[in-house]
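Have a look at these structures, which come just after this line.
Paired with chain B in one complex and with chain C in the other, chain A is shared by the two complexes that follow.
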Partner chain A sequence: MTAYINLEQVNFRWPQGGQVLSEINLSIEKNQTIALMGANGSGKTTLSKLILGLLKPTGGRVLLAGRPVESYSLAARGRLLGYVFQNPERQFFAPDVAEEIGFALKYRNLSPEKIQERVAEMLALFELEQYAATFPFNLSQGEKQRLALAAILAPRPDFIIMDEPFLGLDWLRKQRLQAILERVRNEGVGYLLISHDQALCARLCSQTLTLEGGRLL
Partner chain B sequence: MSSVLVAEGLFVSWQPGDWVLRDINFSLAAGEVVGIIGSSGCGKSTLCLALAGIIPRQSPGQVEGKIFLEGRDLAQFSLPQIASCLGIVFQDPETQLFLPRVRNELAFGPENLCLPREEIAARIQRIAEEMGCRELLAANPNELSGGQQQLIALAAVLALEPKVLILDEVTAQLDPRTCQRLQAIVLDLRQRGVAVLMAEHNLQMLACADRILVLREGRMEEAAASDLDGEEGLSRVYGGGRV
Partner chain C sequence: MTENHGFPDVRTLFALVLVITSLAITINDPLWLTGLLAVSLAALLAAKIPLSLLGRRLRRYRWLFLILALAQSLSNGSGRVFLEWRGYVLLSAGGLLAALAALLRITVILAAVLLLTLKDYQQMVTGLAQIRVPYELAYMVLLAVRFIPVLVEEFRNSLVAIELRGVDLKAIPLREKIKVYSYLLMPTTAGALIRSRRIAIAMEARAFRAYPRRTWLEWPKLSALDWLIIVLVLVGGAGILWIKFKGVIA
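On to the complex of A and B.
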């Protein structure tokens, strides 16, 4: 029985650059909460993009739910995995917060009532109710991070990857996002959390992986 | 100590009349490191942009009151004149990097100051050594990680050898070791008489600051020791604004 996400002897190098990742072997189950740490340039973001199939390994293979990740269409992959970018603004395109959250649901054969119900649920979970009609770019940094997470979690992906979701947040706003991630965990959603903050990783994740010089320690 | 950057009765807004910063008065002396803290969205970046003359020259916005750079009214400086003595590193390094190789990024500032080639080459070597990024000199900035891009944006500004350095939350993407290295560099700059203003959320980074100022509801005040100690103080500092 293979794990939900499986990386077998994965290597990655940029076409004209050096080796970024070497011989990565990794198995992640659906409901695991894993921290990915490592120095700047150690390959954390690259590894997460390989899991999603946004980058192709130059050696080895990546399996998602038992099948090579590249055998899924991008839409099918999106139904299984959610990805929160380092800069949440990059993923916003809807005219208001509610539509941003509901967008992915429109393509899941859900009735308008069901969509509305789920959007309301996510607005409440992420404490964004009062901004339902707000233009996403007019939110504060903390609100943007919460919206990105809400939009990703709305269609109930099996697993999410978050690339430094605490970036740019002050002490209080970090605390708020941390409390929300604890709720996400309690709902049984697994995640891979990329962060430099050791204390936060220890609180939010059951296991920590460390990359050094392109290898997993 | 002589003041190299002074703000007097400074008001700044992005929308006419809607002041983000109100009546800011402060001065930064040569060889002084000053930290600025405050909640996300409280106006730290706005202050940095105004002090660097970017608002209103390049970003639309309104500035009232006075800013003095080395004793002269900032309004009388052109942007290139400002850049010859004041360097600013932005929060998002991608907005700062645009050349094909890291080496070109580091050379760009000194080349525009019309420095001799040998001097430029020597600066690049020295800065790359200090910042621990020598092996990245031939890399394409677009292929670097967020943290590495942040490091290069910093190195490119340090290559200008500014007398005043403004760092707008530059440690957000840096790993703990690089943060320590940056702290050592800031202390070294201080020794050499450079004035450093650091807007930061990372309170450990501010251990190297001589003074810490708090921005709250658009106004500035000196931080009390109790502001940085324990939940109560931190809630006071970060409690304002939208969470």
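On to the complex of A and C.
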């Protein structure tokens, strides 16, 4: 049986640049928690975008739930995988925090009561209640990071890819985010965590992968 | 410094682009517009700018062209009528010529503007300052131009972010679609405002506008060939406009 996410002999090279990734073979189960580490520019974000089908491999193939990732529409991929961008601002578009969290829920046939309940739950979990009516761009970096995660977790995707979610968070917030991710893991939702924080990765993930010279170690 | 930084000077390009685009906007005759397109393409080839760049831009805006051409064709019912529905002229000779003129006009403008890619950002600012545009204004204009691709990129990013939340934009009803697209204006506008505020602070922190005058690292001189082209282009452009206003050209 194939894993939930499968990368087979994946290569990637930018049109006018050098080789970024070479012969990547990776299988991830739905409930697996994996950390992806590596130096700046080692191709961590590129790998995550290949999994999501935002970039096309120059060689090999990426399978999602047994099918080539490009055979899904972007929206279908978004329903299976949650993606937290490295720069959280890139994923905001709603006029306020509550709407940002509830946006995806409206397109999943949930009742207005259920949506409200889920939004309230996320606002409380990420300590964003007092900002419910705030314009997302006016939040601090740490608050933006929390909102990005809340918005992605609200529709409960099968698997989450997080690109440096701890960036810009203070010690206390890191601890709280760690607790949230532990809860996510205990609920059986897997994730791929891109981070430079070795200790946090070791605590939150069952396996750590390292990218070096375009290859997985 | 008053060195010559190679032909063509940025002011020569400004003159060319200004005259070609002004003529393209003013003239409606497809034959003259074709001539103008030939001049623009010749200028691109002479400047060694690959025509595939123009092709790529044309492909990117193909739907806009089609809509524009259709609108022009429908709004002009003169000449021989080819298609009519309940008394409304849908396709006529005049409409087809108007559509053709609209397409040629946009192609000419896109081709002419491509000439500016020969120069970098700093050379453009210097060029504007040399034609007596206040340097504050020159920087403002060029920052605005530089932001256009950034805004387009941000718009695309937001679109991807929306679809990644599981919203299939092709499948949702039109009313919902309009609502979702209206959402896209939010991050694009906010992002532009935030970025411009940051850039303004960064520039002022480096003493931008601290003094009424500024010195320039480079102040290129026009070569004889530059002068010749500028004069020819301005006189030629003025001549064509004169003929146009005499009613010889449509």
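What we mean here is this: the second predicted complex is superposed on the first by the 217 of 217 C-alpha atoms of A that agree within 3 Å, B and C clash if a C-alpha of one lies under 4 Å from a C-alpha of the other, contacts with A are read in each partner's own complex, and residues count from 1 in each chain.
The definition used in the following text is that a contact is a pair of C-beta atoms (placed from the backbone, for glycine too) under 8 Å apart; a residue touches a chain by one contact, two chains touch by 3 or more.
As the structure is a computational prediction, the values presented were derived from the model and not from experiment.
Undergrad: Applying the document's definition of touch, where does A:196 land relative to chain B and chain C: first, second, both, or neither?
TA: So A:196 only meets chain B here.
Undergrad: In the overlaid three-chain picture, which partner chain does A:142 touch, first (chain B) or second (chain C), both, or neither?
TA: A:142 sits against chain B, while chain C stays out of touch.
Undergrad: Looking at the overlay, what does A:73 touch: chain B (first), chain C (second), both, or neither?
TA: second
Undergrad: Let me test your reading of the model: by the given contact rule, A:44 touches which partner, first (chain B), second (chain C), both or neither?
TA: A:44 contacts chain B only, not chain C.
Undergrad: Once chain A of both complexes is superposed, is A:188 in touch with chain B (first), chain C (second), both, or neither?
TA: A:188 contacts neither chain B nor chain C.
Undergrad: Please output the residues of chain A touching chain C within their complex, sorted ascending.
TA: By the definition above, chain A touches chain C via 52, 54, 73-79, 83, 85, 89-95, 103-104, 107-108, 135, 137, 151, 155.
Undergrad: What does chain C use to touch chain A in their complex?
TA: 157-158, 160-172, 183-184, 186-187, 190-191, 194
Undergrad: Could you list, by residue number, the parts of chain A that touch chain B in their complex?
TA: 14, 16-17, 38-46, 86-87, 139-143, 164, 167-173, 176, 196, 198
Undergrad: If we count contacts the way the header does, which residues on chain B are in touch with chain A in the complex?
TA: Counting only chain B, the residues touching chain A are 37-41, 91-92, 136, 139-140, 143-148, 150-151, 169, 172-178, 201, 203, 234-235, 237-239, 241-243.
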